[in-house]
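Here it is, the structure, as structure tokens.
Think of it as A, B, C and D in the order they're written, each chain with its own count starting at 1.
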Amino acid sequence: MPSHRLPHQLLQRWMQVRERSLRIAACLSAEDAGAQSMPDASPLKWHLAHTTWFYETFILAEFESGFQAFHPAFRLLFNSYYNGIGEKHPRPQRGLLTRPSLDEVLGYRQDVDRRMQQLFSPPSSESLNTTLTATSISASLDELIELGIQHEQQHQELMLTDIKHLLSCNPMAPAMLASIAAGKNDAITDHCTDTVQTQQWHTFAAELVTIGHAGDGFCFDNEVPRHRQFVEAFQLAPTLVSNGDYLAFIDDGGYQNPVHWLAEGWDWIQQHHIRHPLYWRHGSDWQEYSLYGLRELPLQQAVCHLSYFEASAYASWAGARLPTEAEWEYAAQQEKQHSQEASDNAISQLFDCCWQWTSSSYAPYPGYATAAGAIGEYNGKFMANQYVLRGSSCFTPKDHSRISYRNFFPSTARWQRTGIRLARSVAAAL
Amino acid sequence: MPSHRLPHQLLQRWMQVRERSLRIAACLSAEDAGAQSMPDASPLKWHLAHTTWFYETFILAEFESGFQAFHPAFRLLFNSYYNGIGEKHPRPQRGLLTRPSLDEVLGYRQDVDRRMQQLFSPPSSESLNTTLTATSISASLDELIELGIQHEQQHQELMLTDIKHLLSCNPMAPAMLASIAAGKNDAITDHCTDTVQTQQWHTFAAELVTIGHAGDGFCFDNEVPRHRQFVEAFQLAPTLVSNGDYLAFIDDGGYQNPVHWLAEGWDWIQQHHIRHPLYWRHGSDWQEYSLYGLRELPLQQAVCHLSYFEASAYASWAGARLPTEAEWEYAAQQEKQHSQEASDNAISQLFDCCWQWTSSSYAPYPGYATAAGAIGEYNGKFMANQYVLRGSSCFTPKDHSRISYRNFFPSTARWQRTGIRLARSVAAAL
Amino acid sequence: MPSHRLPHQLLQRWMQVRERSLRIAACLSAEDAGAQSMPDASPLKWHLAHTTWFYETFILAEFESGFQAFHPAFRLLFNSYYNGIGEKHPRPQRGLLTRPSLDEVLGYRQDVDRRMQQLFSPPSSESLNTTLTATSISASLDELIELGIQHEQQHQELMLTDIKHLLSCNPMAPAMLASIAAGKNDAITDHCTDTVQTQQWHTFAAELVTIGHAGDGFCFDNEVPRHRQFVEAFQLAPTLVSNGDYLAFIDDGGYQNPVHWLAEGWDWIQQHHIRHPLYWRHGSDWQEYSLYGLRELPLQQAVCHLSYFEASAYASWAGARLPTEAEWEYAAQQEKQHSQEASDNAISQLFDCCWQWTSSSYAPYPGYATAAGAIGEYNGKFMANQYVLRGSSCFTPKDHSRISYRNFFPSTARWQRTGIRLARSVAAAL
Amino acid sequence: MPSHRLPHQLLQRWMQVRERSLRIAACLSAEDAGAQSMPDASPLKWHLAHTTWFYETFILAEFESGFQAFHPAFRLLFNSYYNGIGEKHPRPQRGLLTRPSLDEVLGYRQDVDRRMQQLFSPPSSESLNTTLTATSISASLDELIELGIQHEQQHQELMLTDIKHLLSCNPMAPAMLASIAAGKNDAITDHCTDTVQTQQWHTFAAELVTIGHAGDGFCFDNEVPRHRQFVEAFQLAPTLVSNGDYLAFIDDGGYQNPVHWLAEGWDWIQQHHIRHPLYWRHGSDWQEYSLYGLRELPLQQAVCHLSYFEASAYASWAGARLPTEAEWEYAAQQEKQHSQEASDNAISQLFDCCWQWTSSSYAPYPGYATAAGAIGEYNGKFMANQYVLRGSSCFTPKDHSRISYRNFFPSTARWQRTGIRLARSVAAAL
């Protein structure tokens, strides 16, 4: 009887990703891990449990022979938004789940990890759900594990944004990280390299471009079908907007002048008294809260933690606009090709610093189809009233970024590492 | 010394449009005209005053020699959203303006109309602001009058949607209109012709299409620049979705099954207990409120007064999707050409029945630029978190629709005459 | 067969009260009469209809032979809060009832008045519901008519407070009344006589007092049972607090210093940015909106349109407190007796200027019992989280005030004519 | 030079109370101790810190020579509502204070306790603030320590109500306590003795009673001045209303019939879908959540965790009413005297089971004066829109109840151990 053995490389990556979540958790106390600062954010403990729930629900429950839930209540407690799975604990009340404890959640992780590993390397055929043929298992199991890895990596970014928001609510401005360790490969950082401001904008001619994921590697369902879009001629800024640039906008009365703002954004900043990026603090000087605590605002670094509305207003003030996602992806394709040919960068900071707001509303690509079952709720149902962000941030796991990757958030979201890359149209009207 | 004489045809249209607003008002009492049923809607009286304010503020104040405001408070009271003009009366409190009375507002209209006509046919050069040269006056004055006409026509549609909403809030379900008078050319109706359901969907091949306004005629700034978009192959339904079709969705549990809904839409219908289109009433049978009062639900007519979320959920349930605005405009271009060549319609109900939700978020066209000054606030600042609607409705003035026209509303808006045209992708993934 | 003839004097009063409502309405347009400025206030038209509905529902429907409702929908539309009568139109949507028109409501009044008068003086016994004996009719009918009169008088005060609030929302600050006509007996005024500030506070010794309505005249059910309360020794200010007095509190930073405020009141003024009485306007000088329009703040007149929280904070700042309702009623009893014996007033402005906040929460008197049926909902169910006001205002109909009268409003209400009389304890601790 | 030595008995009590807070904390994890389930409730950790802050702020900062704050941020973080002390951390965000950790807060307690003990038994005169004379120190220090003890005992009750609310939000309904340990003297219990239902109501004749604290022992400022009130004749139920009694109200449609409800209460239960006491759960049978977890509803025990509105509606349904606080206190005085003379109880369950809602709004006694300084904010500023509760609950520390004790909560509060004792008027109207 056939048995399923997972490709070694996939197993390795899975174990590394699992381990990285624990590394994030190790920086924090059980108390830090349990609190929820706003409905949009989740406690670290919940992230640790939910990413484990994902494997248990979509893999163990399907493939493990004689599957038994680790705890009957966890199916409900750690379901995020899958209506197909059943009821959910109300999102704004995740911070009230003082039980299970962090230790119990770590035990849950260990148990599921152990059973997952058994599934990968079954001692005998019996540990596999024998109603499935080996081939179908292989295909879908590999895919689901890959999806679980990617899912956990997404949550690793959220763990950092959510804990940053939580700690920022504390008047003592506590630090999570001891020092800037930008050098280490997969270290946890909250820091970009400085922006070099002298480069020229890059011009792209009008083109029928092809965007969307290509090749065999993993992608989310929202990155396909690969398809054609026509892009009119445009220019793209070579770097991200810096804190210094943004300070000039503030000093020029940017938050007081409606002319640059989308109407909804203008109302929103009035209502919430928003006058600067989320983590800036104004005392005698401008400071910025980061995972290192409060520090003097680094003027050369990319401005970060901005809403779409602020990004759009800044762009208008600067005589520019935000790029569309097709423009961004096309430019990134060109840059990739160029950088393989030349040693210098025409367009830098595409990845690893701040997610870059685009002017594209999050929508399905032509021919997009959702998967059957609960997994089909992963992306499609969020395609309304959100804007696409491209690139990645220093909170993003290193192997989790792609040219075709589509992140998305509502136009008021600020607690992600979101920044600004400017674009300009050069098309003449037809 | 030069004088400016308005083209006769423009003057005629202007007078007709002014007169049509009064014809709508004539169906209602001063009490009907003063009330405001929700912040999104305005009292009829306010519409009558605001459309007059538009001419006074953007034309008389600029071009009339020795201009004096009709009433100093009106500048503030009847400013809708132009920050460039100064302060505004809070929108949700428009229904509290029992003064000026309807009679005074009608007097305001008469006064501004008289002065506008003087401006058009000045007895001597002195009535024109002599600091302007005749040529520049001519150009901008004609344009501003055209904009004022279009603006008033837009408000005529809103007058009807707003008064319909107001009267629908009255438990007595009063009628505004005595009978269905669909035959008369520019009569006020709240009624479509029946949907013929047997026609086949029309298939369009992939194409680099050109959309946006072409030619010399008037268009709003959001319809240009004309530009290219690539459209993958798709199919479009020849008619709108009917009340009967939509009832099948309801009877199939459409409002109880999250699988078809965008996540935000699902939450929204739960929160507001939405279980059917806005004006449907469920007693022993389904009825529908219209400007004729309550009537049996006409199953053959197009379903109307739906949110984007409901349109999207229905489309998903029907195995289809909403069209993009480029698809819609391209199909309408084709249909126009076809109908000039042949006697039959391949795609009907594009205009005059219900506005059709598209899946396109309202965004600037490539190269879009706002006008300078307060007029620049007309469109651009609303380009966020709204969806484009195409076509026109039976509430739209007859000469106010265009193939390139872009209407837009938030995804929860239901009090406009909004309906559903389905589309399907036929593109194979690349 | 017996017939019921109403005492002539009651009939006269009933007709005068009915006529006075029309006199208030005559000052306003149909547009003024239809608007509702906030959920707490009702349109004038609604008051006119509701006071008529009260007679139709509680008298005609009970006593008229062959009773038929004037309009079937009015039972619901003009029910204020009587659950026993059935469903109600939502209170915040009363301003949306543009139908029936003001003219139709006036017709409703005429019809009910005509039928009421027939009931009072039946041409034959047949017009009376013959299942009732004459005696029981007589007793309860007289009582219900008296209740209807008192009810309409209460609404006459609300008509004025509600229309004042509505007109105050208009940036043009329109006047309802042409001039101060304080001299005329039952004229509509929005004005007090000046406060004389030199008098001494009056001291009352500790006493077992008896409060509550005595005698045969009408009173509301909340004024009985008459009962004993022990009042410790106290002092009462002879006049009301004036605008000038209150200005000194403001100028001393009264709205910025939490020490004088109840905690809930402090939070409330922060949240609503309250910095002065409701109708004060601060330009170069202090002005006050009244039914005469904007006028210079009259420093000698009683301060008015204050919340309980503001009254309490002022009292604390002034080293005093608000009186209890037993103290107030006892003082009024003493004053009445005194003024019959002497020519001067020890305590003035008890009536006809401003309602006076007391520190007494609105609660049932010992032995209080609600009436059976819907009439039992008149008072009792509001006895929570409200404070008693004593006296009367210049908006109160002249024959509608009593020493035992208990008005009541929530601690944040400001649109009534509410003012401050100070008290002080002189009791030594036991 | 004089030194101040605290009376031994006071020191003993202070140490016992400090220890009891730790005993409550010992039942819970750091995660349990950090979470906040609603703005009305505080995390256990915050209670532990705030009760310590009270001694540090009002005693050490005043009396300790060379006082230095334990941590500069704590003055703000653990201030509850004292405007006189300065800024406060926003109450709804207490659950976000993951730092300081529980361990650090326990360290804070140890440090303050050590310094407090030094203050009590100073090794030399230098450790006392020498600007104060020994006598004045003695007087105010003893008083402040007593206030601190009482304050901490109040918070011990809140610790239990708040943690009960938090754990009840967890779908797993976790238990804090292992078993019912009612026998132990000062053990933590969430349990009453059964109600004996056969006893007769007790009748009290009309009387000029004297209420308020008497004697030398401690009381809060809201319990004085002792003063006279006249109480009409009334009857009081000998026991509390039981779960079984209340179930009969529910089964009779009590939550569906507006006739028994205060209008504000009726609206409130509709809006919040309230259909039973806070911790009842309706499955196949009625269950109740307690600190022992879920258990079958004990029908003989007193019904608990009810709002004032529910208590009032039940009383109306039962043909009774809630007692006034004067009635309650007078009855308790009589009971105390009686029980010293006789062996049986006429009125039982006055203390140790549930707080008993009275119909008395929380108001100052005649002659009430607030203390100077921040301590003056302890009680007086909350005297609005709250109702007085009398007695004590099984959550109340054993030596913390008094006949004159006035607890108070808003009419919607349900998370305290609040129950119902019925009263009836027997007074004939005068």
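Throughout what follows, contacts are C-beta pairs under 8 Å (C-beta built on N, C-alpha and C of every residue); 3 or more make two chains touch, one makes a residue touch a chain.
Keep in mind it's a predicted model, so treat the numbers as computed, not measured.
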Far-end chain from subunit B, centres as C-alpha averages: D
Geometric centre distance via CA averages, subunit D-subunit C, whole Å: 38
Distance between the centres, which are taken as Cα means, of subunit D and subunit B, whole angstrom: 60
Computed distance of Cα centres, subunit C from subunit B, in Å: 47
Contacts with 2+ other chains: residues of subunit A: none
Pairwise touch network: line, ring, star, complete, or other: ring
All pairs of touching chains, each written as two labels joined by a dash: A-B, A-D, B-C, C-D
Subunit C residues touching subunit B - in the complex, by the definition given at the top: 29-32, 34-35, 37, 73, 76-77, 89, 93, 95-99, 101-102, 166-167, 169-172, 174
Subunit D-touching residues of subunit C, taken from the complex the two chains share: 81, 83-84, 206, 208, 210, 212, 224-230, 232, 234, 258-259, 261-266, 308-309, 312, 321, 359-361, 363-364, 366-368, 381-385, 411, 425, 427-430
